[in-house]
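What follows is a single structure, and I will ask about it in a moment.
All chains are identified by letter, namely A, B, C, D and E, in their written order; residue positions are counted from 1 within each chain.
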Amino acid sequence: MSRVLSHDLPRSRWLAVILVALLLGLAFAPFLFPGVKALNVAAKVVVFVVLVASFDLLLGYTGIVSFAHTMFFGIGAYGVAIASSRMGAGWEALAVGVGAALALSFVLSLAIGLFSLRVRAIFFAMITLAVASAFQTLASQLSSFTGGEDGLTFKMPELISPSFEFAEEPFLGASLDGRLLCYYLLFVLAVVLVLALLRIVNSPFGRVLQAIRENEFRAEAIGYRVVVYRTTAAVLSALFATLAGAMLAIWLRYNGPDTSLSFEIMVDILLIVVIGGMGTLYGAAIGATLFVVAQSYLQDLLRMANEAVTGVPWLAAVFTPDRWLLWLGLLFVLSVYHFPTGIVGRLRARALARR
Amino acid sequence: MLETRDLTIRFGGHVAVNAVSCSFASGTLTAIVGPNGAGKTTYFNLISGQLKASAGTVSLNGRDLSGQPPSARTRAGLGRAFQLTNLFPNLSVLENVRLAVQATQEGPHRRGLNLWSIWSDHQGLTARADAILAEVALKAREHDTVASLPHGDQRKLEVALLMALEPQVFMFDEPTAGMNAAEAPVILDLIRKLKQDKRKTILLVEHKMDVVRELADRIIVLHNGQLVADGEPAQVIASPIVQEAYLGVAKA
Amino acid sequence: QPKEIRIAHVYGKTGALEAYGKQTQTGFMMGLDYATGGSMAVNGKKLVVIEKDDQGKPDLGKSLLATAYADDKADLAVGTTGSGVALAMLPVAEEYKKVLIVEPAVAASITGDKWNKYIFRTGRNSSQDAISNAVALDKDGTTIVTLAQDWAFGRDGVKAFKDAVKKAKIGHEEYLPPTTTDFTAGIQRIVDQLKDKPGRKVVWVVWAGATTPFNALADADLQKRFGIEVATGGNILPAMTAYKRFPGMEGATYYYFGLPKNPVNEALVAAHYKAFKAPPDFFTAGGFSAAMAVVTALKKTGGETNTNKLITAMEGMSFDTPKGTMTFRKEDHQAMQSMYHFRIKQDPAFAWGVPELVREIKPEEMAVPVRNKR
Amino acid sequence: MSNFDWKPLALVPVLALLALPLVGSPSTWLTLTVAGLAMGMIIFVIASGLTLVFGLMDVLNFGHGLFIALGAFVASSVLGLMGDWTGSQQLWRNLVAVFPAMLVAMAVAAAVGLAFERFIVRPVYGQHLKQILITMGGMIIGEEFIKMVWGPAQIPLPLPEALRGSLFVGEAAISKYRLLAVAVGLVVFVALAWTLARTKIGLLIRAGVQDREMVESLGYRIGRLFVGVFVAGSALAGLGGVMWGLFQQNLIPQMGAQVNVLIFIVIIIGGLGSTLGALIGALLVGLMVNYVGFVLPVATQFASIALMVAVLMWRPQGVYPVVKV
Amino acid sequence: MNLLELQGVHTHIGAYHILHGVDLVVPQGQVTMLLGRNGAGKSTTLRTIMGLWHASKGRVALAGQDITAAATPQIAALGVAYVPENMGIFADLTVKENMLLAARAAKRAEQMDAARLQWIFKMFPAVEKFWNHPAGKLSGGQKQMLAVARAIVEPRQLLIVDEPSKGLAPAIIDNMIDAFAELKAQGVTILLVEQNLNFAKRLGDTVAVMDNGCVVHAGSMADFAADTALQQSLLGLAI
């Protein structure tokens, strides 16, 4: 077990409990939480865990602040989308799409990684912000290719399409169809990818990344060629993000600029990393789950709150589901206030204090 | 043998190191002295590659290193510690040293380019790091983060990192500055021990003359970026330029 | 037999299109109320509206529509505001084999190549917009330059417009980035294209979004300097403030509350004034029409919500709306409807330029192409 | 100042001259150039607050756009109350309406800035990442409040009568409003540059960003100073909002977010902490957008980004970095 | 009269308990040396005096006024100048700007006390030489000179310096000792943390030795200097 986790154990009993609950929850989500919406949320969680973990490799472990991460996410999603809509539904289309996307991401991330050495951190962050917005514009402008603003709707191979039913009767409230298979495909992929990332950050390479994050100058002085490590990290993280993007497209059978490229997603990723705890992949998993679930059910919650306070007009105005963004904003502010070291940081500090 | 030839750097109009040619044989400890701002640290920076020379060359055992980045020079055998403490502040003491040990590794685990093995599996690295920490008397604090160390201990760790690199050339930049009289001997003993290994070359920048007197086989003096004296310790210390510009004896 | 009929209304309740979405919802509820004579029931079955906020996000729209059909057991759905979202929703209707009435998304492909048999649209499509504008402007000896945003919506619109123009000459098509804020360069390019042309010179603008080129066009004083006129279609009221600076400007619109003369519109305007002390806007009328379509269809099936029955009832169905009678044509389920050729008048009583009716362009006058594959 | 670095300043005329052959007609070129420079001034005004907040204080304030939007919306309310004055054909009456609108907008933005500094920014000085998140949160909250007060729909903000239309010089046209913008921009520039160069404030802030404890040990209440500067930055953003709103003549709650990237680009081109740099950055962006918009409209959206990347290739710290990163 | 008094001061940094009841007096007009091993808590004591960390228990008083809970700027405004262990140089600012910030009375560089500047330049030539250069580019020793120069650019009643001689060439150390002596002659009270025992002996009037977060010895410098056994037991000196 410890080896599977690359000897990077939770180091807090609570954290371990939460992680196990999370894993089981996701593994049996279709049966535990029946319904289309719940399954959609679970799938989104799965995708975001991979996406955020890949970003954490860059931000938390290497200390590179980049806003261009959604670009790679988008490339992955567009790869699947474009290939599937041009070549028709099929596994070959998936393979071609993912392959092409990985190749493109590789080239772009290499360029960006090298460029990051030329300018200093905040400038680099702002440049990637601009580049990402340019890429989004480009994606909507090349409409003959990408479907423009409207995006692309496409089909998946029969086996993982909703129309494929392998049993008539629902089992434990979940209908046994391609959608279910698709979910498990994503789930298994996510587990494998996260374990791989865990391995990478706990390898000698991963440690050098942390050293670079801490003090790039000294890392170079003790003999590590910073360019090489930094660029490798940038490329790896981009490739994992690309895969997450592909997973998203496979699930949604749709992709468009707002779905995978928007700045909003980038901010969500950042927030998740911070809520969860930077520089811990477990944090990415917990943060992603919390955030995606909160985001998905915030409006429902507010609706209930709103009904509870209908008597007080100004309260009702604040608690209307239409103003859910207000609450999301508050969530941003409060989580920065209350989780300076993230949930994982908190839990681990508690475990330490107890010892 | 480490050799610099006409090593020069200009910052705008200011020539911080001016055509310094000097060679350092293995088995000797050379002290570099000179007033503040004489160019001692800059000279180190030029040798180890932190600064790019405006002119001149650096070579180790006949191999020209002038165009190389700092990391390559370190791997070629040039190790240095810094005057102003320069560590990985949020990693533990042990990890700091372990990273330096790892940087020297060859083979499959070469310099951490290995993405797929698990770090803690490399027991050898940990053992070696532990040994070094014991040498500098820091073992008790190995699990603390560097940021919480008192200044003096950070200076010791600075030296520990250099030891971990096992270079051929050791460059110490005021290793005992800010270290109290009880602690300084630990470091000085280490340096003494290093001296016994005749394959090593040691460069030491130090303002404490008693230390210099005791340890140095040879002293070179930098003044305004220029090499102004070179020779036996006693003889150099007695020279008028050192007495006046550095020790300030003439004034008193 | 269930006692209620569940209708999902998916729209951009929040997000960039919040204002549009809310107009649709208001109109939709007013329409249901009007169509059922205030009972909110058809054949004794209560109409239950389930609101879903797609936030203008296609992926969310998709999953919400699926949730509505599957988890909330909606019998049919109406929506949505953004074209991209609507396009992403189309396959969901097919997957769940339930009717989706698209309103007010305009993209031609919704009833074009992305169409499936569960899709109906009460809103106008971009061809109808473009063709009606062409009908309003198409005269011999006129040179027209189009000015549009450089994205699918703009290019679609211009293409449909070009196809519909028979007599006038299209001098040049100018496309600017959708987010343009400084129009100096674009206007300069248009002037260079147009200033030496003989005859009547017109810039036809098709522009969506908050920052429109109208003020910049007015500032450049094209009419006085080069004899260049500006023309465009309709828009929501706040956007038509800019029209005030173009008295006499002509074009064709989908809806303006003062234009149609019929009892349904009168009822809408009256109800809206009563509720909000303001006239209904562009998208309110659309929501109202969609409600009329829903209730008319349900009445036809006798309250049955079986999808095939609904589709059979709706194909070719005519229904009353604030814009007069609309008809879902059989081929692509697009509602054929009147458009309004207008001329702008300055009226100090209104904050916006007031469109005066030149004439109603009847559905039969517009050869709206059928673009779907059946 | 004998060793003043002229090169970046020369960039502006050089760009203009390079564009001449590409544009062709001199009158078109004149129109584009004048419009571009004036546009640059407007951009400078909206970015000026950010030179303080991001440039000097090193706060990556993604909520800066909020103050811009707020300024614009407040101005629309104030101008709405002064219909008689804005509707007048006389310039002076129009200006009498615009100035209080600016003042009220600045005051409201400043007040909100005060709260923003206290509750949003203060806990995260020196931590870029958290600044990004928390200010994004602040921005979202602020935007929602704007929607609650002014409604989610776009609202028109018509220009006062006498500021509409253009002045014509031969075939070239210059809109009147842009001339006003140039005047406002110059006033802001001189005031900012003077304050920062002639008082210790600029120094103290730069020092405070590097080592807050040391500045306090020297006896300065850096906390208060930071509040003051943040508030000033917000007020400038409010002013920028009025200018931007009147330029667009149409306000949407999201307008702040829309200019965020643009103003960050300007500050980065200029170099952190530099007022002159920001001005040059803004002018370059204004010109570039107009020239590219004329020569190759599809590329307009990429023009300012390309410009930024090119400038950073030449000077990785921006043209006049005062604060080094 | 004691200018500065610490009574039973406890300081915590996060979860760590660093000072365990420090008692320290700094007599008016004298030079007090604070000695101790690495990690004894000397720097922490100075930071606590400056209000950079606050005592969780105990009392700090300056000229009879309780400053235990006072904010750093307030303490500085009472006439305390402080040079921290890391020197606190503003690397991006020029030497001139660094000095100007320390001169609270001056709005612009020209308004700084010229005579006093000349005095400083004489002791620390590097400050004058690099007047218009970014301070970050100075050598280690030059930074140290700047840090001390900055603390004395205007007259203050109490001067607190953490390891002033660190990294300085012998000639400059002499200058610095002269400078402190001169300041003392002007009536300035001085509290120094110092590792260099020679330096301490030459300058100090009274001495306090810390170990493990407590003051374990306090007395006159003359007595301490004479008693090598005491030095050895407190500081662990090998000689």
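Going forward, contacts are C-beta pairs under 8 Å (C-beta built on N, C-alpha and C of every residue); 3 or more make two chains touch, one makes a residue touch a chain.
All values reported here derive from a predicted model rather than from experimental measurement.
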item	value
Number of steps on the shortest touching-chain route linking chain C and chain E	2
Those chains which touch chain E and also touch chain A	B, D
Distance-maximising chain from chain D - centres being C-alpha averages	B
Contact-richer chain pair [D-E vs A-B]	A-B
Chain B and chain D: spacing of chain centres that average the CA atoms, whole Å	49
Centre distance in Å when chain C and chain D are each reduced to the mean of their C-alpha atoms	36
Computed distance of Cα centres, chain D from chain A, in Å	34
Per-residue multi-chain contacts in chain C, two or more chains	14, 18, 150, 177
Interface hub residues of chain E, defined as touching at least two other chains	none
Pairs of chains in contact (touch as defined earlier), listed by label	A-B, A-C, A-D, B-E, C-D, D-E
Chain B contact footprint on chain A (complex, rising order)	3, 6-7, 199-200, 202-208, 210-211, 214-215, 217-226, 228-229, 236
Chain B partner contacts - residues on chain E that touch it in the complex	13, 16, 35-40, 43, 85, 126, 129, 137-142, 144-145, 163, 166-172, 174-175, 195, 197, 235-238
Contact footprint of chain A on chain C as seen in their complex	13-14, 18, 53, 56-59, 62-63, 66-67, 70-71, 83-84, 87-88, 90-91, 95, 107, 109, 114, 150-153, 155, 177
Sites on chain D touched by chain C in the complex	25, 28, 31-32, 35-36, 39, 147, 151-156, 158-159, 164-166, 168, 173, 175, 177, 247-252, 254-255, 258, 286, 289-294, 297-298, 300-301
Chain A contact footprint on chain B (complex, rising order)	48, 50, 69-72, 74-75, 80, 82, 86-91, 95, 98-100, 102-104, 109, 111-122, 161, 165
